[in-house]
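Each of the two complexes below includes subunit A, the first together with subunit B, the second together with subunit C.
Coming up: the complex of A and B.
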């Protein structure tokens, strides 16, 4: 067997891709909420975390992995919808700092409540596929059935979100509601419902990411499981451009690969510094994001 | 037909419209004239449900529009082209038109063909972002987006604002043709009184929220005393 496949470089690339798709999915959920409601959701990691705890509570009643995943998605729809209706709805049209402060506060509250209910002790989630890496000619290969499942899930979610915005009337209405709510209303678009739907969809993308992260990473599910990944997802969304689903994914995947190489060849502590340096440079060159067209809104 | 009776609209302590009554007849153009601050835009925003009136009634035929949501009023067949056009710059020309067609039960490709025939330049630029269009092209797009839904009433707020005289003339001609070829009811808010009165059947002159004239366009046009109101010569 070709030793190249088990070489350090290939191992780093595959490891980076594995992390990168989760960054990409978080970035995608941020883009989804930005494009459909025009708000940066700093609780985008905490809301799905809460939904994941709720969904996997069914394990106690002897339900399997897939029913728990369905329950997580339902919980995410409810949390996303209720958050928009009860909390975010009052923030539209207010200064941009208001939703940021409120959502940071909401993140802290959700994490504290989750810790109070379920404790901060890592909770291991079941996995439908083995996380044990395959072997090639007796050497470990940086892929496992679970990682393939993770890639496949990420691709399906990405394609669904990109297709939603690009090809469907619903996607067009979601974008219109965020960009020009008054004009959208004048055209008969039910803006209020669409804003709620945008938050629901975004939380669903988030919960899928949280399930993958909690099952794959050895940390398990904790109230702060998404904090670090949210930070990299946020950086990826800013680099790719908050208007671009494709940009969010590509930037997330590339960031994951870069982080892996920095971890392997430099050290773990330098990862966030390098990531932020890339963010600063990319924003200096393309303030609206690498993949955002110049006619689109700048942030 | 749009019937407005005793409409009063306030912004805090300031009354933007005071006891306004008018009728916009089916298939006719009703011009609403007045200087800045006369209440013209507020009148259209009240019809569309963007501004809730304090008192008074607004009816589309027999149906009351007061207390209805803007999106529901739009779905009743009232198209509103707001001041500043309101095209979505981040969308292509075709995406703007698709959005306009979405709520109406019209065939999209047929609707697009009709609008591209009416405004050929939009057909040539269908894949271009609206932000890159000229002022006149944006106005055409805003009108086409309202028309593609086949409204029974079209509210136009300052369509000639910022346009060259020749483009304004073409636009007015298009509005007139649309009214003549269908039963479209148009309420045309304009500061460019000469252009508006040339194509309107009826005219209403507003002055600081009050109706000071409500007559045929030719009668309003001929009344020298009224000019001071819509030209803003009266405080």
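Coming up: the complex of A and C.
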């Protein structure tokens, strides 16, 4: 076989893409909420984490992987919806630090409650596909059935979100209520409900990411499993611009690849430092993200 | 009329001062203690007299704040003489933390920005202090503190430059990324920072000789040192509070509040947005560094685990609960920090939880996170804001 496919560079690119799609998904879920409600959800990692624990609680009743995934999605819908109705709902129109502080508080509470109920020792989740890397001519190739499954899932989720927004009536209403809530309300769009729906949708994207991450990484599922990925997801979303879903995904994937190269050629500790440096530089050049059209702020 | 009121007050204060001096001299066992205590009393009464003069707050604001600071320091230092060693230790960490809180309160209250990275800025000060002390053991403590603050300000400047162009969520996220990466930065420079085990100070802080004899003649040097460190932290905190109160009221402070309330209007009247924002950010990180450096001094060592992201979140919770954007909120937050561990272990024993269990170990997060949410939803200016509101309500009821 072609030795190129097992070379160091291809291995790094594939490994980077594997992490990058999860950053891209987190970034996408952040952008979904930011665009509709103007809130940067710091609990965007913790809410899906909680839903994943709830869904995979079915494992102890001898359910398989797929029923658990369905349960996770249902739990995510509930958590996303309830959070918006009970907590976030009170924050619209407040100074911009209020939602930041409340969501940081929610993050602490969710992680603490999860650790109190399920303890902070990692819990290993079953995986529907093998995560042992394929071999090419006796050399390890940086793909496994699980990674292919991960890529496929990520693509399906991204395509589903894009399709929902672009081709359905619901998507049109979602976009309208994000762009001009007052006008949409006059035209009969139920803006309040759509905001709830936006949070539910975003939590579902998050829970799918969490399921992939906690089965893929040998660290397993812990209350803090999403902390690091949230940080990278945020960096990606900020680089790409919180307004742009495509930008968030592209930036997430690229960040994953860059991180992989830094891990391989420098060391593990430098990864977040380099990512921070990229964030600082990109924000200095384009404060509202690389992929957004620079818009005037309304006064 | 006003003059008469003033002279009556001065006469009253003089009378009370004489009584206090005599009773202090009679009541204490040694002459040295008596002189010290009566000096403390007289200082308190002198400050109190200044403070109570009608209209003094507006005619001499700086002297007013200085008198208020002196009074607070006086009362605090006399009180610490009569407290136990463990309480004093808690108070010293609380004083160090209140400086950090003050910086964050200023950043948010004055310029409307928020930082999730002040724990890391604290770490910058803490490690700068330890590294400098390990290379230049003879430098006086005050100078080392100044160096630590300068390091904090420098890092604040580096991160503050992009921050000038960022609005709320972007800045919060960027400082979060800094807080998360700080422990990795420390381990990258492990030859300087001592890696996972951190650093010890080469010489433990020791109380000066002349302090030994006061009030507790013959107590062990350890207790005297704790007392000394507590008083040192309180004095540094007092100085920090004095400067901050003046900064709040200065031209810079006013332009920051204008930016917070309406940045477009601020630019129209000639306030430089980037410069003011970067100043606020530098002040906040310098204060955080000062608090961290004091904590290193108190603990006599520094460990990288202390300065994780969790600390930044704790700082945010404390100032929000105390009252963000207020000076008194930082004091309240510091006191909460000083005694939170005791209160939480008290709750654990009262509720009969297993101290090693999952719930007990997470109680801290559940309580602080819950309070953070509740405070922001129902009393956005925390305890200080709620108290102020209550005071205004009571006063308007009694006067109207």
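Keep in mind that, in the parts below, the second predicted complex is superposed on the first by the 293 of 299 C-alpha atoms of A that agree within 3 Å, B and C clash if a C-alpha of one lies under 4 Å from a C-alpha of the other, contacts with A are read in each partner's own complex, and residues count from 1 in each chain.
Quick note on the criterion: a residue touches a chain if its C-beta (ideal position, glycine included) is under 8 Å from a C-beta of that chain, and two chains touch if they have at least 3 such contacts.
In this text the structure is predicted, and so the values were computed from the model without any measurement.
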Original post:
Thinking of the overlay built on chain A, is A:101 touched by subunit B (first), by subunit C (second), by both, or by neither?
Top reply: second
Original post:
Does subunit B (first) or subunit C (second) touch A:82, or do both, or does neither?
Top reply: neither
Original post:
Can A:10 be said to touch subunit B (first), subunit C (second), both, or neither?
Top reply: neither
**OP:** State whether A:272 touches subunit B only (first), subunit C only (second), both chains, or neither.
**Re:** second
Subject >> Contact breadth on subunit A, by residue count: subunit C or subunit B >> reply: C
**OP:** Figure out whether A:58 sits in contact with subunit B (first) or subunit C (second), or with both, or with neither.
**Re:** neither
Original post:
Which holds for A:172: it touches subunit B only (first), subunit C only (second), both, or neither?
Top reply: first
**OP:** Could you look at A:188 and tell me whether it touches subunit B, subunit C, both or neither (first, second, both, neither)?
**Re:** first
Original post:
Of the residues on subunit A, which ones does subunit B touch that subunit C also touches?
Top reply: none
Subject >> Residues on subunit C engaged by subunit A in the complex (per definition of touch) >> reply: 108, 112, 114, 116, 159, 161-162, 165-170, 172-174, 176-178, 180-181, 184-185, 187-188, 264, 309, 313, 316-317, 320, 324, 358-359, 361-366, 368-373, 376-377, 380
**OP:** Would you tell me which residues of subunit B are touching subunit A in their complex?
**Re:** 48, 50, 69-71, 74-75, 79-80, 82, 86-91, 95, 98-100, 102-104, 129, 131-132, 145, 149
**OP:** Write out the stretch or stretches of subunit A touching subunit C in their complex.
**Re:** 34, 39-40, 42, 87, 90, 94-98, 100-102, 104-109, 111-113, 115-117, 119-120, 227-228, 231, 234-235, 238, 242, 269-273, 275-276, 279-280, 283-284, 287-288, 299
Subject >> In the complex with subunit B, residue positions of subunit A that touch it >> reply: 169, 172-173, 175-176, 179-180, 182-191, 243, 293, 295-297
